[in-house]
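Take this structure first; my questions come after.
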Amino acid sequence: MANPSDYKHEYFNVTFPAEYVAHVEINRPEKMNAFKEVMWINLQKIFQTLSHDPSVRAILLTGAGDRAFTAGLDVQAASQGSMSQTSSDPARTANALRRHILDFQACITALEDCEKPVIAILHGISFGLALDMSLACDIRLSTTTTKFSVKEVDIGLAADIGTLSRLPHAVGNLSWVKDITLTARIFGSDEALTHGLVSGVYADKAAAVEKGLEIAKTIASKSPVAVVGTKEIVNYSRDRTVADGLRYTAVWNAAMVQTQDAKDAMLSGLQKRKPTFSKL
Amino acid sequence: MANPSDYKHEYFNVTFPAEYVAHVEINRPEKMNAFKEVMWINLQKIFQTLSHDPSVRAILLTGAGDRAFTAGLDVQAASQGSMSQTSSDPARTANALRRHILDFQACITALEDCEKPVIAILHGISFGLALDMSLACDIRLSTTTTKFSVKEVDIGLAADIGTLSRLPHAVGNLSWVKDITLTARIFGSDEALTHGLVSGVYADKAAAVEKGLEIAKTIASKSPVAVVGTKEIVNYSRDRTVADGLRYTAVWNAAMVQTQDAKDAMLSGLQKRKPTFSKL
Amino acid sequence: MANPSDYKHEYFNVTFPAEYVAHVEINRPEKMNAFKEVMWINLQKIFQTLSHDPSVRAILLTGAGDRAFTAGLDVQAASQGSMSQTSSDPARTANALRRHILDFQACITALEDCEKPVIAILHGISFGLALDMSLACDIRLSTTTTKFSVKEVDIGLAADIGTLSRLPHAVGNLSWVKDITLTARIFGSDEALTHGLVSGVYADKAAAVEKGLEIAKTIASKSPVAVVGTKEIVNYSRDRTVADGLRYTAVWNAAMVQTQDAKDAMLSGLQKRKPTFSKL
Amino acid sequence: MANPSDYKHEYFNVTFPAEYVAHVEINRPEKMNAFKEVMWINLQKIFQTLSHDPSVRAILLTGAGDRAFTAGLDVQAASQGSMSQTSSDPARTANALRRHILDFQACITALEDCEKPVIAILHGISFGLALDMSLACDIRLSTTTTKFSVKEVDIGLAADIGTLSRLPHAVGNLSWVKDITLTARIFGSDEALTHGLVSGVYADKAAAVEKGLEIAKTIASKSPVAVVGTKEIVNYSRDRTVADGLRYTAVWNAAMVQTQDAKDAMLSGLQKRKPTFSKL
Amino acid sequence: MANPSDYKHEYFNVTFPAEYVAHVEINRPEKMNAFKEVMWINLQKIFQTLSHDPSVRAILLTGAGDRAFTAGLDVQAASQGSMSQTSSDPARTANALRRHILDFQACITALEDCEKPVIAILHGISFGLALDMSLACDIRLSTTTTKFSVKEVDIGLAADIGTLSRLPHAVGNLSWVKDITLTARIFGSDEALTHGLVSGVYADKAAAVEKGLEIAKTIASKSPVAVVGTKEIVNYSRDRTVADGLRYTAVWNAAMVQTQDAKDAMLSGLQKRKPTFSKL
Amino acid sequence: MANPSDYKHEYFNVTFPAEYVAHVEINRPEKMNAFKEVMWINLQKIFQTLSHDPSVRAILLTGAGDRAFTAGLDVQAASQGSMSQTSSDPARTANALRRHILDFQACITALEDCEKPVIAILHGISFGLALDMSLACDIRLSTTTTKFSVKEVDIGLAADIGTLSRLPHAVGNLSWVKDITLTARIFGSDEALTHGLVSGVYADKAAAVEKGLEIAKTIASKSPVAVVGTKEIVNYSRDRTVADGLRYTAVWNAAMVQTQDAKDAMLSGLQKRKPTFSKL
């Protein structure tokens, strides 16, 4: 297992509620879990560690408190931070901004690059960065009272940390994608479920977290070789032709089907018992 | 603002029902708004002008009359037009047809290439070209009585002006895409909403137009820099890997987040007032 | 028409229930239509023949018996077959496995490569290979009691015969894709319809087969030139940018709109009679 | 044939030195054929007309006078033109500039989009736009005294009208591509030939033009169906995988090998006579 | 080793001149090795067998006799074969032709798909199909008297069996690619070497074959795991972004660097002896 | 300027021989600059710092001593390092190896990701990693005695740190690429220049370094906005279609042509004086 101190980062709680399951909690409830720069940098560190931690096979991502998964970017902090760096030359300012955006994107993409599946629980206020982050996760659950908004156009910006790039590949109604991204209107879990943004809606945060934990435990009980491969191949294939997806899969599995896990899983199935798998 | 005469084109009415909102009406109700060649050429001209008109930030596209958004291609006219050009040599005929199809596609793609979002209201008969056109728009709304059909196989053709290329990226059920494109059957708004072709269904044309206008006004009230960027990046990302989408977004926003609009929007938000933005 | 003997292959029944309609039945009901190697090789042979058979314009794919469309891979047989070939060198084993996976994928891709549309009826147990196969078909229908599962992680594997590569392009909820592929849980037709895996759910197998046959007959009544082009262009476009889809479509139709079928279909439309089309 | 007046455009001479051969001469020798905005717009118009002119099968592109093919952008004119449009808002300026660059690129891409092959003769000063333009042509010839330079970094810009996008696909030494684009140094035909920028070097402008005309005549003597297809498929394949190139080729030729030209060409070959082909 | 009878196919001689080296000779010298349909079908069979034959690690491809590697398609035979199938409907003819072209392409692509490297010796007349075939090989050598021609435009066709799709990715002068494909002119080994079509030119056929055999022996002396991976990754990367190439390589080598060959090769290197590798 | 201590890393010397020019020297001459793991990690750190250092506009990369740029991987060290991590499960070993290869690739790709151009001087022994590294640089120069080899097949591996992915896009003779990668033979600068691997060959190391420094100074004298954009766009375009390259360029330059550098450069040109540009 990774060193516990690897998971100590300001504004985050990392716990291990079940075998092979990690729980990452965004912990700035007094500001509705709004993000300032140190937070996304810490998020990246945590998920880079989780990715290779042999004691982790599935991850739950939640926000502390009742009010919000996250209200998004802490605009006040952002306006004082590196985003405000400017040169009198628009080109030099642009170059500094591009570097900043790429770094910020990379922090959020750490959720997608994490080898282990991540389940996000969207409750309460889930604005802006809530979408950027959860779209880089694997499974999205919400509650009957979640308030979603792709908030960026309201602050004069096209969302640039991932929402606009991932949304068209994640949901099944491009007209709705344009509606919510162009109007920044608040919508609820009913729409989120109908159009494919979440795959489950629960009565309240507690119920959603409980369900998320149950899914995480289920995933953690499977062969980690199979789970890591499944996440990798689905994400790879999402972005490419079916032919390229198949070819990549064949190369991937050429190594992976040699795993002892397959034999153990099949044998356990025949013997009606629960298999155990060694660490990855 | 563009010169009013730039918007005078046969078979179309262009009006400006609200600040920064344009309304384009297909106006051939006596033929259920069926399209002949001059109409798609005029459509292209109108949307190329709207794209760069600083007085326009959102566009509504509707069909005149109660019966149809459009019944599609005016087959009778088409059979007498350039589609009927043939040489005795199948290769030369093919070359002429390819040029014609590419030109026709380009006219419809003008809707997608228009920098400003376009909201299509699909009412009554919405066959063939109704799908090609509205799939090149950003937001699609319909009514409880809309009759949709991807009609082309009924006239011996694979749809070639955009429906078959855009549909798999616009909706969330590929089985349904094959069903409607292979059978040419008529379907209603319930299916269109369930499977993701439209994002809202309203009681009748008047209600749908009212809603479309409301969405257009909302979009027109936002920063045009943010709106244009959002449309561009969603369309770009629809077609590409997430990694390429993120990279393009970073370069795009390197210039665009320098906008005064972001500062104005944030300040207005803090001051609880409505911002105004200069023309784009 | 292809020679009847071309359709005689162990574990499959091929019949012709209506003009231009073929019906392929997986026929190993005593093992819940579980697949062993000879079966996927035979499947490929059958669909390669159907693809070019001028007497076939639409195809129905079903499983024999009441219990299952297919329970998936016959794990016992697989463990004794070529999958079990190993060398003491992991690299040599990997190369043998890669060849095997590519061959197996090619057999299933024969469904997608078949020029004529294929309608799959998923009833009863529809596990593992049931998804791989039906996702390579064009239209998927199911029944109120179908039990679906992307079963592979339960046997220690990432699904490698097509499910993971095709699913993200076929349905409209990527969170749900991850949920079902990572947990291997069993789900029903309600979820399959909501999230876009099937486009119709019927009371029982008989009703679903009847509906599938009706759709097949409808497709078979259309111009085969239009039908083959529609399948080809939708599949091509699913994997590519809209711009590339449009360009390919223009080249495709440059030849295909020269068909006599278009003239016959239009004329028949005007004369309110049913057109007939010559063989393809 | 296109109407002669379609070819009358300021700063260009269009002549027809041989059957089916057009010669476009950039005609502003007093300014070393430097380009101002009207010129690239006229270039686009001329090549759009040539593309569909049935009397044209091959095109020669040269610069008037002894001193230069073209010295590139007329910087003085550019600094007074639309490039100088600015808003006080860097984002609005960026949007205006993006539109301008896209329009300018489209004018140059007209050379590549022209269905008929274009042979560029690079003589004397061939700076900046000389590369952008000739890289959008099909065949590039030069003289022993041609002076080439990718000049843009010397005026504080990355070349944006096509050189940087086409050069890595046109020549065979990426180290050299970086050398010439990053240093803006002047180089000669020896390097241009060695590294693959031109395919022939001749003693002087007259000899190069004569050779270019000879190649144009040779191309013009072939089947225009074969020639147009060859240009299209090579350009398509340059940008794509071999697999996609092959698939596109098969669809293209499915129509084109039906041409009477193939029969005529083969028969003429057997009979040792020169075939004639009807207009395209 | 594959069964010797697997290599008995009309118009081809397959021999094994050295350990792990196969030699495929096109054997129709009386017709300058011109190809008729049975020949490309046999070519495919042979290379599909060689691909998986554990006794083969490198392959030499030559033409029998002194006069030609191959004069290309046997036009006379082609005009009587399946290419001549036509329907009175241009669309049906196009569909038949597309199938035929795809099948023909697949036969030639068998050279590229063969896991083991193929070295082509181009001597004498090397027209048309000589280019299609050798461009699907890995290494191309020629002689001082080889006569090359991309002959297709001379028979009214755009080359459709691979030359136009592979050439822009194989050589380093796109201007020259257009020159030779648009004019069909005959060129020699000097140009072929300068512009990158061949990598070695030898005095005569005997010398070129000797050199080819030497290269084949060298390759055959290396680890087959390393050789097969190198061919695969170079071909994969040729067609894709560097980022995709790197990712694929990492997955490929994750299995392959586990090979015993790496340990044996390193140890042999330290011990200054020649390693032996087990069969692949 | 970055802090000098940012450039202190074992096995590397970083100096600043001219204004805005950095010189990175691989410094392990007693082992012919062979690489062990700490070295590629340090290489990454150095180039990540250089990328954003406003005092750096061009970079020279050389190897210390007379004998070698680098002999490649220190095989002895590698066999004791993380490459040797293994599990008894081939799948778990594969996962560990994949992580390792991706990390290693990322270190080398830091050369390509560095915003500023990098000029590599290949002298003496330049084996294995010498190619991986220099192919990730922008300009490659060598000497008359450089000995090149893509050495990996000699140690039983397909090269996996970048050579096989970058080479087909960097040089102009794919036959030669296969020859050198499949045989691992040693070749000299004559071949490297002819086939496009280097763009200049000099008498000895001193002369090549002098020339490299001269090029670096030239680049450093240009607008850094123009230089950074040129590197970025050429690399982007190398991997993509011309259409995508043009679109990206337009977005990039929409910000960048607003630079004061363009005005300064043009004015300086008119005034025949050397411009100075502010830091980037």
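For this structure, a couple of remarks:
Letters are used for the chains, namely A, B, C, D, E and F, taken in the order the chains are written, and counting of residues starts over at 1 for each.
The rule is simple: a contact is a pair of C-beta atoms (placed from the backbone, for glycine too) under 8 Å apart; a residue touches a chain by one contact, two chains touch by 3 or more.
Remember, predicted model here, so these are calculated numbers, not experimental data.
Traced through touching neighbours, the fewest hops from chain A to chain C number 1. Here the repeat of A-C among B-D, B-C or C-D is B-C, since over half of its contact pairs match by residue number. Chain B and chain F have Cα centroids lying 46 Å from one another.
In whole angstrom, the spacing between the mean C-alpha positions of chain A and chain B is 33.
Multi-chain contact residues, meaning those touching two or more other chains, occur in chain C at positions 90, 93-95, 169, 171-173, 195-196, 225, 238, 240, 243, 251-252, 254-259, 261. Taken as a graph of touching chains, this assembly is complete, with every chain in contact with every other. Listed in rising order, the residues of chain E touching chain F in the complex are 117, 138-140, 169-173, 195-200, 215, 218-219, 222-223, 225-227, 229-234, 237-238, 240-243, 245-247, 249-259, 261-266, 269, 275, 277. Residues 75, 79, 83, 86, 90, 93-95, 97-98, 101-102, 105, 109, 112, 152-160, 162, 164-169, 171-179, 181-185, 195-196, 238-240 of chain A touch chain B in their complex. Only residues 248, 251-252, 254-255, 258 of chain E touch chain A when the two sit together in their complex. Looking at the complex, you find that chain F touches chain C at residues 90, 93-94, 243.
On the side of chain A, the complex with chain F involves touching residues 52, 87-92, 94-95, 99, 225, 228, 255-261, 278, 280.
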